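The structures come next, written out as structure tokens.
Each of the next two complexes has chain A plus one other chain: chain B in the first, chain C in the second.
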Partner chain A sequence: MANGASIPITNYKYGFAKPERYVFKSKKGLDADVVRQISGFKNEPEWMREQRLRALSIFQSKQMPIWGADLSTINFDDIYYYIRPTDRQAKSWGELPKEIKDTYDAIGIPEAERKFLAGVTAQYESESVYHSFQKQWEDKGVVFLDMDSGLREYGDLVKQYFGKAIPPADNKFAALNSAVWSGGSFIYVPPGISVEIPLQAYFRINAANMGQFERTLIIIDEGAYVHYVEGCTAPVYSTDSLHAAVVEIFVKRGGRCRYTTIQNWSSNVYNLVTKRAFVEEEGIMEWVDGNIGSKITMKYPSCYLTGRGARGEILSLALAGENQHQDAGGKLVFLAPETSGEIISKSVSHSGGRTSYRGLVKVIKSAERVKCNVRCDALILDEKSRSDTYPTMQVDEDNVTIGHEAAVSKINADQLFYLMSRGLTEVEATSLIINGFIEPIVKELPLEYAVELNRLIQLNMEGAVG
Partner chain B sequence: MKLVLYKNQTELVPLRLVTLEEKLEVVLAGEGACVEVVGLILGKGVEEKALEAYITHAAPNTKSNVNVRAVLRGRSTFSFRGDVKIEKGAKGADAYLRSDALLFDEAKMGDDTPALEILEPDVKAGHAATIGKVDEQMLFYLMSRGLSRKEAEKLLIEGFINPIREKLKSGSKFLI
Partner chain C sequence: MAGKQEILKGIDLEVKAGELHVLMGPNGSGKSTLAQVIAGAPQFTIDPTPLKLRGASSSPITFNGEDITKLTPDKRAKLGIFLGFQHPVEVPGVSVFNVLRRAKQSISGPVSGSSHPTSSTKSNSKRNQQSLVGLRALDGTPSATATRSLSAFRQELLEYASSLRLSDDFLRRSLNEGFSGGEKKRSEILQMMALSPKLVILDEIDSGLDVDGLKLVSSAINQFRFNNPRSSVLLITHYARILKYLKPDFVHVMVEGKIVKSGRLSLAREIENKGYQAINF
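And then the complex of A and B:
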């Protein structure tokens, strides 16, 4: 991009960049050599290397999506596909390099950890450098590792599930991720174990022009429960950055998984993520998906309900400001009788931003007594902004109850006037109304995220209202 | 079918879907233009019906209301693509897009996409869609009053399609 450092980014709270200090960096661009190099560097088993190379050829042969956001400015030859920040993983906080610690201090991980978080896998660049896990969970057999360690230590389990929910041929960016993935989390919860405290991982991108291709695999065994929290904040860079993650989740019979994401990439990042969960009998999958940052996001968390009585819930929140396009939503695919699901989407566009809700509800023949409800609401704050809704329903079964509802509106002048007559400024009143609008989703977030989100919205609104 | 409405023109567009596929385009080009689209789709046998409706609000204070109801029996299929676009500057536009389908036997809803594209904040826009069988609770109520299941079902279907049928009868000039 020609405008380089002049990309207009205002009020970006986490917009700081640390000097790069890397042990290994692949060359720019992507070919079979780069893929072999990444795989060799990680000492991966043969099957993974084969799969990466196969995925690479799928990536090269696949077309870019012809729908959705404008991705024409991505230059795949101008990206580093692998960067390894430090030579080995640090076990304790003190061992971490100073810049990395500074970065985390700024996001507030140590405080978060003090608040009894079960474990923190902090991802600086492409690989987890800091890993801590409370012993109590380890004793119960809960596995919470970065994906590379997961592959090393639980090779058979990984081989059984890796790429089974999202095969490389699913879409171009899933293929790219399968070829060059690095980092991400691997979680296994044994039968009947309930992990009460959320597992958290913080992701950061900190090298200009590098893509982050993390890969997460979560397996919830029968009757188990976990809440995984992923928060993304990335420093500002002058050239476009690509984030193409893949998240695969398997919820076994009677299990339950909640996956919370707050994505706050800096406003030059392309965030193209494939997330999918397979849910067996009586299992529950909940996606809580917040999209605040990035230049372009295309992300539709999906639930494939494969067993009788399974349930999928998707809560999607999108906030788009200047030069941002949030193309988000969710997919529910009902493959068994008596399954149920709900999608709630709330989006706010301001200062020329664009939000699009894109969703799919699919019911196959014989999936009787399916119940599904979709609700998407959008707020447009000014003349320059835009909001779209593209819901698709495909229903091949007659014995179902499916509803969809959507409304697009601007901020109610009466409400604004009332609040301002009570002494609030226009900005305060506007952010109060927005916070009320998105409340159904915010109340599902862990407390520290909810607080941060409310602050972020206030921050984003300043200057947005004239 | 393509229709352009100018200043303060009001039109009721009835869609009976005589052919299997129909495409309707309405452009609300003048201030205060108003369109109401009502569609009644009855599918039976192995019919595969499809309806596309594109409504563009290009002027201020324009109003559109799309209401499509389908009763599908046998192995019939119905696909609906509705797209309401509100252009920048179409202040005070009011758009509502609604599709409801009642399914029986082996019928299915092929692809139901009621989309909205909105480039102007000073508007009111909404859409809703339902797909399903007749309401079991309503059926139960009617049956508890002595009606057979068949009669009760018939009554509910009539209630479902009557508002649309009335509009269809009233002809093409209709004030919203």
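And then the complex of A and C:
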């Protein structure tokens, strides 16, 4: 790895334009020409172009998933697969939908940050903060780049891991992403290095990382640690209707990775994301996955526990309001003895929204002494709303300890009366009960996210209650 | 919808500022229902017809001259009505402090935010205003004032907790979740102290308390009355034993949805000795 940085890939050209300055827009719809164009435009190595083309044919041959949320209205011919990042977002503050502006007001997002989130500026202005950290990371050999730069600067390393956790054939949307990906993050943490400050896509991010088809690759070397945080609590406006991201993580022996996501895409977005981590001996992977926005989300972060004693934790949070379907959950695949894992899912549906928990626990024969616990709780606020649970268990080893608990509840009238008798309005009381319900997950979020999330829930309840 | 059942059959009760009233009665006599109706529990409705028939000019429930019959529980709380629950409800994931902070914010008028648990109502109005601004600011951008008021409020609560022998981490615990019976009751008293209501209704605050708990709670009630001389207390109980520590101005006996007898402390003694059946209605 140490010299990986200095070996430019064969067709790398010095002085190549930063992606932000690309003036390029593919035509609508998808075919091999479009894929070649994207790859050529990024001046990618041959292997990546070939992989994109293979992925395209897989995408074209795969049926739409018939399980899960309703995806029948996605029109693949009506999508631009590569656009200059800035073209994707609102041009001016005035273009932004009113409800999004109101939300920024209500949860108190600072001015500079709003403009960034809205896409009115392409760069969040806390760059300087980022740069001071960046120096520290670089001194320790930590790599934190956008994926396009990662491919250019660390081609060999990327080639070794790219598509190895999630091959294009994994599912239709992984294939799509593999064919047309752009942006996302590339992270490498050298052995024994612990990155104390969470890496936030936020600080470094430019419009490219908010892309439709982000591709993220994280490699945590032996005994290393990183906490990566992506997304934000505030709504992110996008004119795109389809987001299909892929996140691949490799945790080496004794390493640990925590990956925190809060997505609050605007309500026009299909958010179909594949996230998977391979965890070696004694390694730990933690997914904290919050889904607040989008029209439809299908996302099941996964841990493949390949080495003895590896551990996977998945905390999933979903809020679904009017016209939203959050189909979320997680997968734990136990491939070695003494591996352990936990899935905790908390979902809230209101105003006709729908949440689904979808989970997989798989233990192969010979993975002895596996310990696994799954808990999914759903809170349904009104008669119009809905929640379902689809747990799957495939356990081929007898010597294991596996627990599964599921509960569906409603807002309890006694709780409401009790809190209101203390002076809280119905909205305040309801919000507080919801915040209490999701607290086991929220307490794992960075503080500013937790605070914003609490306010956001109150805001949602103002529309939903009474 | 289940059929309607008449629980209270005409209650005539007036509690004046600063008074302590005790409401006694056998199980199922409607005491708790009365407490909940005053606090505004939504599952009960009041039929105003009998009042009209009697030609009464007053509304079913008035508080400081204001008709509160149609007010939601939070509005009644803001006017200064507090119900200490017989069975406090668990709210998982929501800390005692969080609830009290919000309750304090909501109930704008009264008291503290001062670090003085022994301050009296009279001198408090100015201080209140300050603390309120501070607390409200907390939900927006934290300011130095907000932080100070909040820590003062927390300090005040810690002192109350300590006086009730609740542990230091009590404020951080989920409201009523996993509390022992005694902790639940003391938590209700803690909330009363923190919110300094004008009318306190304590529904069987003495049940489930051992002798020490009973003494603690009684002395907290006495302290509260001393600090808030204009606040009134309506205490609901089965047993006269708490009256060893409290001095009520009036004792009422309720049977089958009606107050059948009112009197002084001697009435409670009589019940203690002879039981409800022996009372000559």
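The rule is simple: the second predicted complex is superposed on the first by the 376 of 466 C-alpha atoms of A that agree within 3 Å, B and C clash if a C-alpha of one lies under 4 Å from a C-alpha of the other, contacts with A are read in each partner's own complex, and residues count from 1 in each chain.
Throughout what follows, contacts are C-beta pairs under 8 Å (C-beta built on N, C-alpha and C of every residue); 3 or more make two chains touch, one makes a residue touch a chain.
The model shown is predicted, which means the values in this text are computed figures rather than measured ones.
After overlaying the two complexes on the shared chain, residue contacts for A:A32 are found with neither chain B nor chain C.
After overlaying the two complexes on the shared chain, residue contacts for A:S421 are found with chain C alone; chain B is out of touch. Contacts of A:T392 after superposition: chain B is touched, whereas chain C is not reached. Using the contact criterion defined above for the overlaid structures, shared-chain residue A:E383 touches chain B, although it does not reach chain C. In the superposed model, A:K410 makes contact with chain B only, not with chain C.
Residues 365, 378, 380-383, 385-410 of chain A touch chain B in their complex. The residues of chain C lying in touch with chain A in their complex are 36, 39-43, 72-74, 76-78, 82-83, 85, 88-94, 98-100, 102-103, 106-107, 139-141, 174, 191, 195.
Taken in their complex, chain B has these residues touching chain A: 72, 88, 101, 103-133.
Taken in their complex, chain A has these residues touching chain C: 108, 412-415, 417-426, 428-429, 432-433, 435-440, 455.
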